[in-house]
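Shared between the two complexes below is subunit A, which pairs with subunit B and subunit C, respectively.
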Partner chain A sequence: MKILFIGPMGAGKTTAIHSVSDIPPVNTEAENTDAAQHSKATTTVAMDYGEIHLDEGDTVALYGIPGQNRFAFMWPILGEGAMGAVLLLDHSRADSLETLTTYLDAFPALVERGALVIAVGHTQQKQSEVLPAYRDILAGRSLALPLFVTDVREKRNVLLLIETLIANAEVNQLQDAL
Partner chain B sequence: MEVIRDEGNQPSPPKEAPLMSIGTFRVACRGFGEHEQRLLQQQLKMLRGRTEMEWHYVGDDRTAELTLLRDENQPASSVVAVFKDGRFTMRHSVEWPLRIFGLYDLLTDCERDLAQHTPATVPALSIRLSKIVSATYYDHEGLSFVILPHEDSLYCDIDDFETLVERMAALPEELTAAPLNSAPGKQTLQHAYSLKRIIWALCLAEPAPIDQLEGAEATEYRIAAWPDYGEWKSSPALLRLAALYSRQYATVAEGVEFARTSTEDVVAFLNACERCALGVSARNGRPKPAIPARPTEKNQEGLLLRLRKRLGMAFGKSNQT
Partner chain C sequence: MNAPTISSPLRTMCLGHLETLQKVDHFRMAAVCSTDGFPIATLGADPQQSRRTTAMAAALDGLSKSITQELSLGTLEGTVLECELGLVLCRQVHASNRNLVLLMVLSEQATYGQALWAIKNTAREMAASLQQLVEQNASL
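And then the complex of A and B:
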């Protein structure tokens, strides 16, 4: 079983995986030479990897997929077989709404199964000020995907996102069984 | 249209269908075929938005505010419309097949009749809060708060959310607004909370009308948007209910089964979604296969359950927050 953390550079994918992984996350941070996308000093050039260990030796793999647009060709491949994905958006970026649209288009299979939870971060504004614009995009596509304002530096927030994916996966199992 | 009072010869009480909202009325019939029922549903759909209240068809042989039944004492082209006011009190003879303008007249007559006969009740606080459209001030026994609905804000002098909800839930039903110009300033009412977060919490705490839910399996519900669980109260069961009702139409009973929670909790959840404007829609249920028996621990659901357990997200009646 695998869970993806997707989103643009600097949205918090590495941080989110760090907060819940049972192993020291494997990451591939390198000096950021793409200052046009984000000003942070380092960025993930391959992918982050973490694990949640279950009993009986089972493992839930956590993948943080690089958000640079030039890696977009990899996204659908990595999405195959995933229980779901957490899409982290950086509300402080001017293009955060366009980013949502990009990712909805890039992961149609997950969107269709409701297996995408959208987490809007990097904001001090109230939810009622932040969320309507994102909700409008979802409503325009007749999508009822989970959409939260969150801060992934706090573990309980990341757990809420994962729990939402689990609940959705359970609905999918129910539908598959009927 | 002839209107007659009928205190006797009442039909036996049918199954109860849920009344989920104070703005919703139910239509039922007795003894009509599938085609006739479909026709009635289509006519109701066409009239949606043209009547004061929203009318939902709840099925054959169910309790509703308006019930259509064949009258054996009348010609074959006539049916009787019965208005419910706790018991069957009013009957209208109407022609059948029912034309859409005839149905419109019937519904508006029924609305007028129900307005006259239904005793005035004070809606729950969460309903009243959800209907506030302009700045409003309340002051009752030391609890003062100003509501600014367009900002989704409530300002008060209580710095703890749970305490605020507890005190608001204890407010008297007859609470009335105070003059806005008598409200203290923001220096006194310095703590701001999301109004919808409060409405959500109050809805979950208010008693749900489960006495109206007998036989509710006929009505299915769906929500158009997820609750803002990043801010509003959540629990494993509430997350499951949101996942279920955002993905498909489901009955209250299916919500109970899927979230392993109580009927009261599912009704409270749906009421909370409605009052927080999450786009609750209802429809008459269609036959569906039963929810399959729980798979064994070795399969994928077993894996999800173990992941829940590992992350401390177990759910069920004993695990709710």
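And then the complex of A and C:
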């Protein structure tokens, strides 16, 4: 099973995969020369890769994309065969709501299948304060995707996102079969 | 083509070295970019196209580096794509505090050996120039 971590630069895709991976993750970090976009020291240029080993012997493969638009050519390459994606957003950025729209547009196949979980990070505020604006955007597109406030530096938070994605995919499959 | 509109010493230095590569037989284009994919200098391609190409070169370079590390093969020197209609050569340019990616594309009649020799030499000379610039101007 393959899961994708998507979202803008600095949202926490690389961090999330580091938090949960049962193997040392594969990184492709390069020096970040685009301080205007984000102040962090390094940035992913090709992919992140990690694995979760489930009790039943199954492996969940985790792929992180490079978030900047100039690396959008990598998105379909990494997305090939993914059962779903976790979209990470950075609530501290002024353009966080627009970014949700951008990513919904960039991954239409996942959206259509309902194979997307949205996680808003970088905030101390409560879910009830943060999420309505995001929910409105989803409602405007008649979407009811799982939506969380989270901090992906914590392993259990990332696991919750992945479990939700998998559970949701199973429900969708059931509904399709009916 | 793609003359340096921003007259930065780094770009000028890179363009000078790219002009050497231009003399390689069956040259199509060459570019220098940051390791996170921003074009610094290009020769033989329009700016829009080269922005896409340098982002891809940086991803290729980053992935090649990870593979090199994964297999404990020391330092990555470069990556070569052998294509039906040409060659793509990607080469690391190292200086202290600053690394660049050098990219050259040749059409199908090109000779592998000549191309490899040329890009190796240019990368080495560019690294020396880059080191000089770094020492003159730490904020490069």
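Basically, the second predicted complex is superposed on the first by the 168 of 178 C-alpha atoms of A that agree within 3 Å, B and C clash if a C-alpha of one lies under 4 Å from a C-alpha of the other, contacts with A are read in each partner's own complex, and residues count from 1 in each chain.
Going forward, a contact is a pair of C-beta atoms (placed from the backbone, for glycine too) under 8 Å apart; a residue touches a chain by one contact, two chains touch by 3 or more.
Predicted model only: the values in this text are computed from it and were never measured.
Enquirer: Answer with clash or fit: subunit B and subunit C placed together on subunit A by superposition.
Expert: After superposition on subunit A, subunit B vs subunit C: fit, no clash.
Enquirer: A:N27 in the overlay: touching subunit B, subunit C, both, or neither? Say first, second, both or neither.
Expert: Once the two structures are laid over each other on A, A:N27 reaches subunit C alone.
Enquirer: Kindly classify A:E98 by the partners it touches after superposition: subunit B alone (first), subunit C alone (second), both, or neither?
Expert: After superposing on A, A:E98 lies clear of both subunit B and subunit C.
Enquirer: Using the touch criterion from the header, give the chain among subunit B and subunit C with more contacted residues in subunit A.
Expert: Per-residue touch count on subunit A favours B.
Enquirer: Scan A:M74 for contacts with subunit B and subunit C and give back first, second, both or neither.
Expert: second
Enquirer: Contacts for A:E112 in the overlay, against subunit B (first) and subunit C (second): which applies, first, second, both or neither?
Expert: Neither partner.
Enquirer: Which partner chains sit in contact with A:D136 here, subunit B, subunit C, both or neither? Use first/second/both/neither.
Expert: neither
Enquirer: Examine A:E154 and indicate which partner it touches, taking first as subunit B and second as subunit C; both and neither are also allowed.
Expert: neither
Enquirer: Nearest CA pair across subunit B and subunit C in the overlay: distance in Å?
Expert: 26
Enquirer: On subunit A, what residues does subunit B touch that subunit C touches as well?
Expert: Residues common to the subunit A contacts of subunit C and of subunit B do not exist here, since the sets are disjoint.
Enquirer: Could you list, by residue number, the parts of subunit A that touch subunit C in their complex?
Expert: Interface residues on the subunit A side: 26-34, 43-47, 66, 68, 70-71, 73-74.
Enquirer: Which residues of subunit C touch subunit A in their complex?
Expert: 34-38, 51-52, 55-56, 58-63, 65-66, 70, 99
Enquirer: Show which residues of subunit B lie in contact with subunit A when the two form their complex.
Expert: Residues 151-153, 194, 196, 223-226, 228-231, 234, 236, 239-240, 242-244, 246-248, 258, 288-289, 291-292, 295, 300-301, 303-304, 306-308, 310-313 of subunit B touch subunit A in their complex.
Enquirer: Mind pulling up the subunit A residues that touch subunit B in the complex?
Expert: Within the complex, subunit A touches subunit B at residues 1, 20, 52-56, 58, 60, 114, 119, 126-128, 131, 135, 138-139, 144-150, 157, 159-160, 162-164, 166-171, 173-175, 177-178.
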